[in-house]
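So, here's a batch of structures to check.
There are two complexes below, and they share chain A, which is joined by chain B in the first and by chain C in the second.
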Partner chain A sequence: MKLAAALVAALLFAALPLLTTSNYIMGVGVSALIFTVAAAALNLIYGYTGLLSFAQLGFWGIGGYATALTVVTFGGTFWWGLVWAALINAAVALVVGYPTLRTNRHAFVIVTLTFALLATLIARDWVDLTRGALGIPNLPPPVAFGYEFGTTGRFYWIAWGFSVAMLTFLYALCTSRIGRTLVAIKQNEPLVRAQGISPMPYKLASFALSAAITGAAGGVYSFHLGIIDPLFLDFYYMQTFLIIVIIGGAGSFWGVVVSGIALSALPEVLRFSADFRMIIYGLILVVAMFVMPSGVAGWLRERRLARLRKTLR
Partner chain B sequence: MTVDAVYLLQLTLNGITLGLLYALIAVGLSLIFGVMEIINFAHGELLMLGAFAMAFALPVMGLLYWPAMAVAILATMLAGLAIYEVLLAPLKPDEFERSILITLGLSIIIIHAMQYIFTATPRLVDTQYGFEGIEIGSIRITWTRVIGAGAALVAFGGLYAVLRYTQFGRAMRAIAQNREAALMVGIRPRVVARNAVVLAAGLCGLAGAAISPIQLVTPYMGQFLIFKAFALVIIGGLGNIPGAIVAAVALGLVENWIGGFFEIVWQEAAVFVIMIAVVFLRPDGLFKRGGMRVG
Partner chain C sequence: MSAVLEVTGLRKAYAGVHALDGVSFAVEAGSITGLIGPNGSGKSTAIDCISGFQRLDSGKVVLAGADITGRVAHHIARAGLMRTFQTVRVYERLSLSDNLAIAHQQFDAATWVDEFLRTRRYRKAVEASEARARRLVELIGLQRYYEAEVGILSYGQKKLVALAAALMPHPKVVVLDEPVAGVNPSRIREIEEALRQLNQAGETFLIVEHNVEFITNLCHQVVVLDQGLKLAEGTAAEIHSDSRVLEAYLGTTPEIAEAEMRTSA
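And now, the complex of A and B:
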């Protein structure tokens, strides 16, 4: 049932370029698809594994820069750029994750946060590599088999294919035995150990996969923008991913996907100045943490359980 | 490469003064973590508020340094009290992620509200001391730095005395070391937590006021300092106050030495590399952690 609905939704999204010729609407569509993938990757590490990672922002930026630099500085293709973005991020996640995950979850949050802010500073200050605050403008459109994805309408297909592939992969992972193990680690780690499962490889793999997917998403997004500069690592992105996950419901796959699509479109509808938008995002975050800390999906689940109890009584 | 001794000494002095100001921020974070087991993400914004309060109080006070600093400290303490009563009081000690997300939301609201009201233009803060300094030989250090470092030292002395010899401070240590036992002897965690947050906010206001004549004052100044303070808290051991001070001064020194001889990117990266190395070698921080101890 859910899968059928998802299939219909995916096909509807695929039909968007046929329904509209507006570059603006398709641009919003590209953002919605990519943000949803990044949020789903955050959901894997936070919602499923229970580790709040702020490093996603760093991975997003590293992915964007890796893809852009592969094409511009090293003369590779966009597709290889995405592969490099994923591989570099997975490697970085292993290096940062291994020492950090041995400590407690408090240290994990703080180290990942420091990592994200460090990535911003490096993007700004390592001028030889990243060209500093000027950034890298005029990223060339991706080409496949002689077909140039030059317009927003054409680029939309890349974003669509990418997000459908990544969401399918994440869904398969989260509903598998591995996904259940991750939830078990979140809920009761000593019990998982008692069952003879070592949590460390699962946590590391979850962190690395989430990093690789976020990095590739950042790579696609940088080519959608056509330019990359240190603003690509603005905290705005991290906050968007977090709000999508929290409103949708951490640990609920479909909740996060639906809220990803809905909340990416929302800022476009509410066209405030940038500062005002951030203030509203901050307010949403604070209020959501008080009113429904488990998101819309969690709220619905509680309602269903309450109804079930009532009928049983 | 020949190292100029005077240059090195100058870097060292700058490093110590900067490190002491880092320590003020990190100590506040440690204090709050020790008592409430939460991290206040909006701590950097308290610092920024302190700096802004200083920037606005100075012209009113006729550029007098100390009264303006008192105003800044009071303002941040009030802000800390408000933050505690509205947002942090309902939290339970095990809700670490929730505390981070709530204070993250708060920090974003404060930064952008300040930017909306006062714009992002950096402000230069002038005090009665201007930009004069003491000169020893060819080493020069401005009065504002000397006084900032001195104020930080006095604050640490005061904090030590409070935590060690007063009932107010003993209650904080008791909660940090054993929450259940503290409850049993009649210590109210809510009151103690409020005191800790207000005290930490005051220290942060002091840091903000002391930093404002040294650096440019912008709505974003807290963000870049707080991320170093987070790293320091990890390096020194979560909830370990002396550890945080030692780590902060050491970082100030290392940063200035690196910044004096290498590219700026290494200066920024240093704190992170040190933190990863410490987490790798000593997962509980450089100094052994055992509740909140002061001596």
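And now, the complex of A and C:
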């Protein structure tokens, strides 16, 4: 049922360039798809494994720069750039994660936050590599088999294919025994250890996978913008991913996917009132948190449990 | 009978205070062994050290002939020692069936590759786990909650879930940390009956508990700790008449203490 709905939604999204010629709408579509993937990756480490990672912003930036530099500085293709973005981020996550995950969850939050700030500094100050505050403009459109993804309408297909592939992978992972074990680690780590499972490999793997996917998403997004500069590491992105996960319901795969699409579109829908747009957006978020403190998925779950309690009484 | 768990000379000190000062005892295969003692006598420290949740200072722990001294908790679990916790630990937001399946998954041969390809090995592992889970759920009488989230159950029911989870992988010995503390009296009878049935089916238990009646009814062998030392060891009847035990528990003369113990039990 859920899968059928997801399939229909994916096909509807695929049809978007056929339904509109507006670059603006397709641009919003690209953002919605990419942000949803990045939020789903944050959901893996935060919602499932229970580790709040601010490092996602760093991975997003490293991924963007890795892809851009692969093409501009090292003469590779966009596609290889995405591969490098994923691999570099996975490696960085393992190096940062191993010592940090040996401490506790609070230390993990602080270290990942520091890591994100450090990544911003490097983007701005390692001028020889990143060209500093000027950034790297005019990123060339990706090419595959002689077909140039030169317009927003064409680039949309890349974003669509990428997000369908990544979300499918994440769905398979989260619904497997591995996903179930991640939830178990979040809920009761001593019990997991008492049942013969070592939590460390699971935590590290989910952190590295989350980093790789976020990095690749950053790579795609930088070529959508056509330019990368230190603003690519603006906290706005981290905030967006986090809001999507919290409103959707941390730990719910579909909750986060739906809220990713909805919250990316919401500020655009509110454009009818240019003056009050962001105020209304903020109000909606505040009200949502008041009414549904554990997100939409959490709210639905509470109702389901209440019904279950009633029938079992 | 042979010992499945042998503990020798267990020592553990916190900042100079000896929580355990050279404790030795053994758990016979197929037995129910009780570990009792007043608050602060070192019971919890002992099982934390045995199960790898705390580092021991010295001593030796042997499980079914294998030295497991000082190994980490998940290694000791894989070696065949499962434990429960004093304050009940279950996965509150997972279903009862998932709670039991997770307790089993480390003990079957199926890897994530098997799962992805849905190999025969994976299907057989899931079938075996499911069959075991159904049997245990029937034993603890929670069949109607099989697919329900464990969070909706009562405290006593969660204790039963924790017990069933510990039994999932056919462990060599199950260590229960206060299985009936905070459980209402009618439920205590159920737990007692379940443990007796499981023991008759061949399971071995080491039980830490304050409830003297529960221990007396159930245990073949009782070990009494006091201030980090083994005070006495023997059958429940022997322990009951041991004046040192009574004094440690109640701090009065044996005659009065025994009378008090009878009335409270």
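Keep this in mind: the second predicted complex is superposed on the first by the 286 of 313 C-alpha atoms of A that agree within 3 Å, B and C clash if a C-alpha of one lies under 4 Å from a C-alpha of the other, contacts with A are read in each partner's own complex, and residues count from 1 in each chain.
By definition in this document, a residue touches a chain if its C-beta (ideal position, glycine included) is under 8 Å from a C-beta of that chain, and two chains touch if they have at least 3 such contacts.
All of these numbers come straight from a predicted model, not from anything done at the bench.
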Which holds for A:L283: it touches chain B only (first), chain C only (second), both, or neither? first
Applying the document's definition of touch, where does A:T168 land relative to chain B and chain C: first, second, both, or neither? neither
Given the touch rule stated above, what does A:N23 touch, chain B (first), chain C (second), both, or neither? neither
Which of chain B and chain C A:L118 touches, first, second, both or neither: first
Contacts for A:T100 in the overlay, against chain B (first) and chain C (second): which applies, first, second, both or neither? first
Examine A:A194 and indicate which partner it touches, taking first as chain B and second as chain C; both and neither are also allowed. second
Which partner does A:A184 contact after superposing on A: first (chain B), second (chain C), both, neither? second
Looking at chain A, which partner touches more of its residues: chain C or chain B? B
May I ask you to decide whether A:T73 touches chain B, chain C, both, or neither, giving the answer as first, second, both or neither? neither
Which residues form the common part of the chain A surface touched by chain B and by chain C? none
Residue ranges of chain A touching chain B (in the complex, touch as defined): 52, 95-96, 98-100, 102-103, 105-107, 109-111, 113-115, 117-118, 121-122, 125-126, 235, 239, 242, 246, 273, 275-276, 278-279, 281-286, 289-290, 293
Residue positions on chain A within touch of chain C in the complex are 172, 176-178, 180-181, 183-184, 187-188, 190-198, 305, 308-309, 312
Touching chain A in the complex: which residues of chain B? 33, 37, 39, 87, 90, 96-98, 100-102, 104-109, 111-113, 115-116, 223-224, 227, 230-231, 233-234, 238, 263-265, 268-269, 271-272, 275-276, 279-280, 283-284
In their complex, what parts of chain C are in touch with chain A? 51, 53, 72-74, 77-78, 82-85, 89-94, 98, 101-103, 105-107, 112, 115-116, 144-145, 148-149, 151-152, 165-166, 169
